[in-house]
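Here subunit A shows up in two complexes: once beside subunit B, once beside subunit C.
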Partner chain A sequence: MYSRFYLSVLLISGLVLITFLVFATYRELNPEWKKYQLEYRDLLIKNAPNEAARKKAKSIKIEHQQIYIKPLKKVDRCMNCHRGVDDPLMKDAKVPHKLHSGDYLKKHPVSKFGCTLCHYGQGRATNKKDAHGKGRDTHWDYPLIPFKYIQSSCAKCHDYLFLKDNGGEMVVEGERLFREKGCRGCHKLNGVGGDLGKPLDIIGSQPIAYFPMKYVVGERNTYNWLKQHFLDPRKIVPGSEMRVFLSEKEADLLTTYTLTLRAEEMPRQFRAIRYTTPVPKDGESLYKMYCVACHGNGKISAYDEILKRTIPAIMNPAFLKIADDKNLERIIKEGRKGTPMTSWKRTAAGLRDEEIRNIIKFITKDRPDERPEPFDYKRFVTDTKHGKELFNVRCALCHGKDGKGGKDHLGLNLRNPAVQKFVDPEFLAMTIRDGRKGTPMPAFGKTGVGLSDQDIADLVAYIRSFSDKGKK
Partner chain B sequence: MGEVNQSGIAKFLNNIRSLKKSFLGSFLRSGKPTSDKSRAAVMFNNFFLHIQGVKTHINTLRPTYTFGFGLISLYLLIIVVISGVLLMVYYNPSVTEAYNKIKDLKYVVFGGNLLRNIHKWSGEGMIIFVLLHMARVFYTGSYKKGREFNWVIGIVLLILMFGMNLSGYMLPWDQLAYWALLIVANIINSPKEITDSLGITQYFDIGGFFKELFLGGTNPTQESLTRVYLLHIWLLPMFLFLFLGIHFWRIRKDGGLTRPDTFERKDSDIYYVNPPEKTGGIFPTYKTYGLMELARGRTPAVDKDVENTVLSWPNLLIAELAIFVLTLAGVIAYAYFVDAPFKEPANPLIPENPAKAPWYFLGLQELLSYSAFMGGVGLPGLALLGLALIPYLDREEDRVGIWFTNRQGVTVALQSFIIGTIVVIGILAFVVNFGWFRNWWPNVPQILITLINPGNIWVGFMIVYSLFVIKKTGSTRMGAIALFTMFLVSYVIFTAMGTYFRGPNWDFFWSKSQWPIH
Partner chain C sequence: MSDKNPEKGEVSRRDFLGLAAIGTAVLSALGVLAGVLRIFKPDVHFEESKKFKIGKPEQFPVGTVKKFDDKKLFVFSDEDGFYAITAVCQHLGCIVYKTDWGFQCPCHGSKYDQMGNVIGGPAPRGLPWFKIEQLVDGSLVVDASKEVPKGTKYIYV
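What follows is the complex of A and B.
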């Protein structure tokens, strides 16, 4: 007799081994998709219009299905479960056997385009969870795209002019919103735009790990992140300075458009872009594209909770009266250091001189004809001490005792380097004398409160001295 | 028999008729193993079996002596090699294709996913069983009496096995692979910390040189994957098999596994062994044996059985077969239920946070977080050197082959286990709660942290404690037990720390569920 101990070990582990080999073989022989293909065959037999078709249906093989899209080196195995997707007999069948909706497949044959090109999901996978990319444990960055965003895939190959009349209205609308909500005031796209936010060039194809998913409700994927972030940026990214106020529908539209901004470019034989979509170059469109996110309609100067500062009303006639084109051009081109206003020249935010001129033309369309009476600051000998006394009485209420403005004050921050360095005293003096119509800033000159020019000059001198004090 | 009368054709036909018998006879030259003599002949006539002795000591067959750890490690290696060759049929070491190939393997190759799981888990199982085997060899004192150098070869095998596992981890070219590769490259680069402190990096950048040699550049690219693949499928296995051959050959030359000098048969041995048919010995008296002088130890006397041994066929072989089937069944069952991890495709722009090395290196990564040089080169180097030197520093040769040597050994091992656990956890708790020099004095020179950091303090403590045990017990073996126990304890605790309690930015978390979701 052989050793009893080792023989029993051999026997038991042999049984375990055989059991698991049988299990494994069974699992391999019965993949998830086999069930669906059998169902499909039954449906085919049931729906067959004549005997010949029935006979043909009976003979179809239950086997692995795969489409290889050579130019893209893409493999799609979706047809393992969705075998009826291009079969007209499956018109009334249920998902997954249902025929593809619409007549898209006529011009986009499955054999050439596959499925994941438009719908995303993991083409190589052969079980439902992995193929649809649901859940983070599938480790797939591009899960099945929700139907409401599906039109973003059309823009991979088609231009917006074509899409407008051919079933791509949502992505076209999204593109318009993108322009009109002023997204590029903060985000660069193709190198043009502000630098407060992240560049958007490949945002639609960024991996899920690129987005902070902590506060996203529901499935943690790019689609949900984008939409929820559009609806409430600060809920998804605490402390975000993104100024966006959208309805549910607009958020969906913008999400659709954002998803078209992808890294990969389709090969030539797939693209059907006949002409480039013309981008409006007029001042109003440009103003909307680059300025509207912060300056709004440009008429109201108010403290902004998100940016934590007062945004100047740049289309206020009173402001335009004293700010000439040259002044405006310098501000737009060089930006305002220390404020969110970025430098918009060609080498920075990327606007052409011509575009900047168009924007200025649009801003200044309401500029009053008469020029302000010059103040001629240089002729005064100023007294800072007197200026300080006046400031505490006249200005501190709105601009704060230290001139910083801020949350509980109506006025701008006068200690801002932009005001201190780039605004010339002449401009300051004129503003104090004539006030800013349409804003809470009253006129302090003879027409209003009644300060003398000497008083105003002293005030200007005191305000200008803030930067000296700051240095100390 | 009228052979003379037979025609040539008849002889030829006769040969054809007896083909089966003559072929088998030439294959099994000693005939069927029906007698003790032919059973012995099976062993020494067979190329594969003759690495083992004709007779095996009963002690070797007692499951509670070896627990089969070394054997399981070998079987895991065999499973790894076979499954690895099958994986090579599909794999392509290209940064654009590797990931897709693994996906295809997972989703469409028949049994591909199971195959990959088997390869992965038997590879990582080797780490556990090799360490257990090492512990068994250590605690039974089997590194003594001529086996000193075989212990050193064992250390070499340990390093090679870690290298094999590590290089395999990088081949799928997913996020795990990419960032682990980068971490390993940074571990290789860690001597830079010391050359920076000495200000000689620009003349002698040894870390940078090896990092570049390993990666084939400064970042993980196709070059790195090619190199890692080369290491994984050819260079490391070649050396592994070479050293494995020496390892086994030396075991054979040392007379098999160790056993106590005081060995006595027990009644329970009947469960493991099948005693020989006759007790008079298998060596006939009419032959002389000239090689006895070369054999070690007490030579077997003619006409008398070698003490307490039984025939290897079938006793040893049935045990080996049982353990092999047990190993295979275990691996396949585990591989059936647990999938090998496979994440998003490698993306150099999106770092994994935390970027972690494979689990068996997370103890090192924990040390690395204190000091790059010490964690990456200094302490592991010291540990391996210390392990390799144990047989030369402890040369007491009595009571070899007995677990923990004696009662005192059990006490020392238990004490070191408890003290080691408390001290290591204490050090970790201190570091987690209070930080280290860099947190207290941000401008402290790096060289000071290299010299004084939690890792060094722990290693220092191990050495001092072992010397204390040697002094107290007057036995170097006891000191070795204390040192080795503490090494095992700290390997396990540091690895667990890095695996379970370190999250994004290498911060401490009680569980993974508390990690901030990125």
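What follows is the complex of A and C.
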């Protein structure tokens, strides 16, 4: 009897296997793309200009359509479904059979460039979901690029000068915005820029895992991350210190530009770069490129919610009157330790001396002609105790009792190492004496509140003693 | 038992079970074998397509000799039609150039006449001719995977 049992098992397993085989065969013979190619053939028969062409259309083979781009070792099978993409007869057909828009394919034949070089997506995939790289379970880092950012692909081979008049204006505008919004104040590009943010050289080709996607709304891909992060950095990365205030359109432009910053370089035979894009090196452009993100127009000194500190007004004439070029150059070159102000010298953020001089020239364009009356600090014998009394009466209201400034105070943080270590006592004294016109800082000298030079010297001595106390 | 009429040639119940079991086993084994063999025949290869779109017939008026450098191919057009001849020398694979009398290979001096037949040098055989097809939209396609006899010319409009 045992044989009967085993025969039944054999029969049942055989039947199950055959069922699977039938199913597999069916799937093999009816892939997703076949449906589209059959539709394409029907359209072709319908649109054929004459009888001979119709006959030819009836006999086209339904088979894999593959483009192999030898120099890139790239395989695109998009034409499995989009077979009409370079067929002029498909001008009025619907997607996916539609002819490619514009006349791009004239100079970029599909056989040489393929599709994913510009549009991204997974070229080797043979079903829609994987090919477009949509959805989280496709695990494809470069999904189909939204149409509004497609110009970023042009910049792989073309320079801005060409793109300006040839359908790449979004990249060009984005690049201009990138310069003028001061992105490089915090981000390095080609080795030049601040170090508060991440370098952006290859940001456009970073894999999805590089970006914290937790708070991204909609499809979790690089495109959405960049756009939403430009619109509200703190929504996407809580606690981010990025200072951007952009309109919807500007965010799109900058996203387009950012996507052009990629790691891979196209082989020479693809590139049409003339390397003649002039990068402006005048003071104003440089100021916008590197300084504007924090200092804005340089006229307002206010507490900043994002950086959690008061940003000094560096183009305020009263400040410039006291700060001479040498002083400014030292601040820019060495930065302000303990603040977000980066050291901008050649070996740090990467600015050349000549560029720094141009920036200083721009900042100081409103400097008043008259020089301040010098304050000979060393002449005075100082009394920090008296200084402290004066401080608590005169200064604590704005700078805080402990001199730390902060959120509820108008004044700067005086305990800051930048103030403590890198500001001359003379500079402090002159500032107290003459005040800062254009900021809430009043003049405490004879022209204003009426403190004597001795009082001011005592105050300076007390302020400078903060750092000593810190050490004890 | 079930073996009631074995002499009449009717299949008994146990035999039926046995036959069906073995039949399905053989069938499914064949199916699996077919599936395994299918693996050895890929739909597409990881290589450049052997078919090249070369343009519309009106781009090749009578008397045209056009060399496609990246495709290693000559395309001709005369009164009798279009034809395509490879530019790859059959000796060691250098690229031949067109002369008044035919083709000349720069490497080892192989000479071919207008039809691609060997007339001198070390080449073991003549230059192959390729099939030219026409797509529905009118553009011509050279199929370098399909050799045709010398002298085959295609008339397309």
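Note that in this section the second predicted complex is superposed on the first by the 470 of 472 C-alpha atoms of A that agree within 3 Å, B and C clash if a C-alpha of one lies under 4 Å from a C-alpha of the other, contacts with A are read in each partner's own complex, and residues count from 1 in each chain.
What we mean here is this: contacts are C-beta pairs under 8 Å (C-beta built on N, C-alpha and C of every residue); 3 or more make two chains touch, one makes a residue touch a chain.
Here the structure is a predicted model, which means the values were calculated and not measured.
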With both complexes superposed on chain A, which partner does A:88 reach: first (subunit B), second (subunit C), both or neither?
second
Considering only the touch criterion stated at the top, classify A:111 as touching first (subunit B), second (subunit C), both, or neither.
second
Applying the touch criterion given at the start, work out whether A:44 contacts subunit B, subunit C, both or neither, answering first, second, both or neither.
second
Figure out whether A:202 sits in contact with subunit B (first) or subunit C (second), or with both, or with neither.
neither
Between subunit B and subunit C, whom does A:5 touch in the aligned arrangement: first, second, both, or neither?
first
Please indicate which partner A:60 is in contact with in the superposed arrangement: first for subunit B, second for subunit C, both, or neither.
second
Of the partners subunit B and subunit C, which touch A:21 in the superposed model: first, second, both, neither?
both
Have a look at where A:68 lands relative to subunit B and subunit C in the superposition and call it first, second, both or neither.
second
Where subunit B and subunit C land on the same part of subunit A: residues 3-4, 7, 10, 14, 17, 21, 24, 28, 64, 66, 75, 77
For the complex, give me every residue of subunit A touching subunit C.
3-4, 7-8, 10-11, 14-15, 17-18, 21, 24, 28, 44, 48, 53, 56-57, 60, 63-64, 66-68, 70, 75, 77, 87-89, 109, 111
Residue ranges of subunit B in contact with subunit A within the complex
61, 63, 100, 103-104, 107-108, 110-111, 114, 174, 270-274, 314-315, 318-319, 321-323, 325-326, 328-330, 332-333, 336, 342-344, 347, 350, 352, 516-518
Subunit A to subunit B touching residues, read off their complex:
1-7, 9-10, 13-14, 16-17, 20-21, 23-25, 28, 64, 66, 75, 77, 124-127, 130, 139-141, 207, 209-210, 212-214, 220
In the complex of these two chains, what residues of subunit C are touching subunit A?
14, 17-18, 20-25, 27-28, 31-32, 35, 38, 43-44, 46-49, 52-53, 134-138
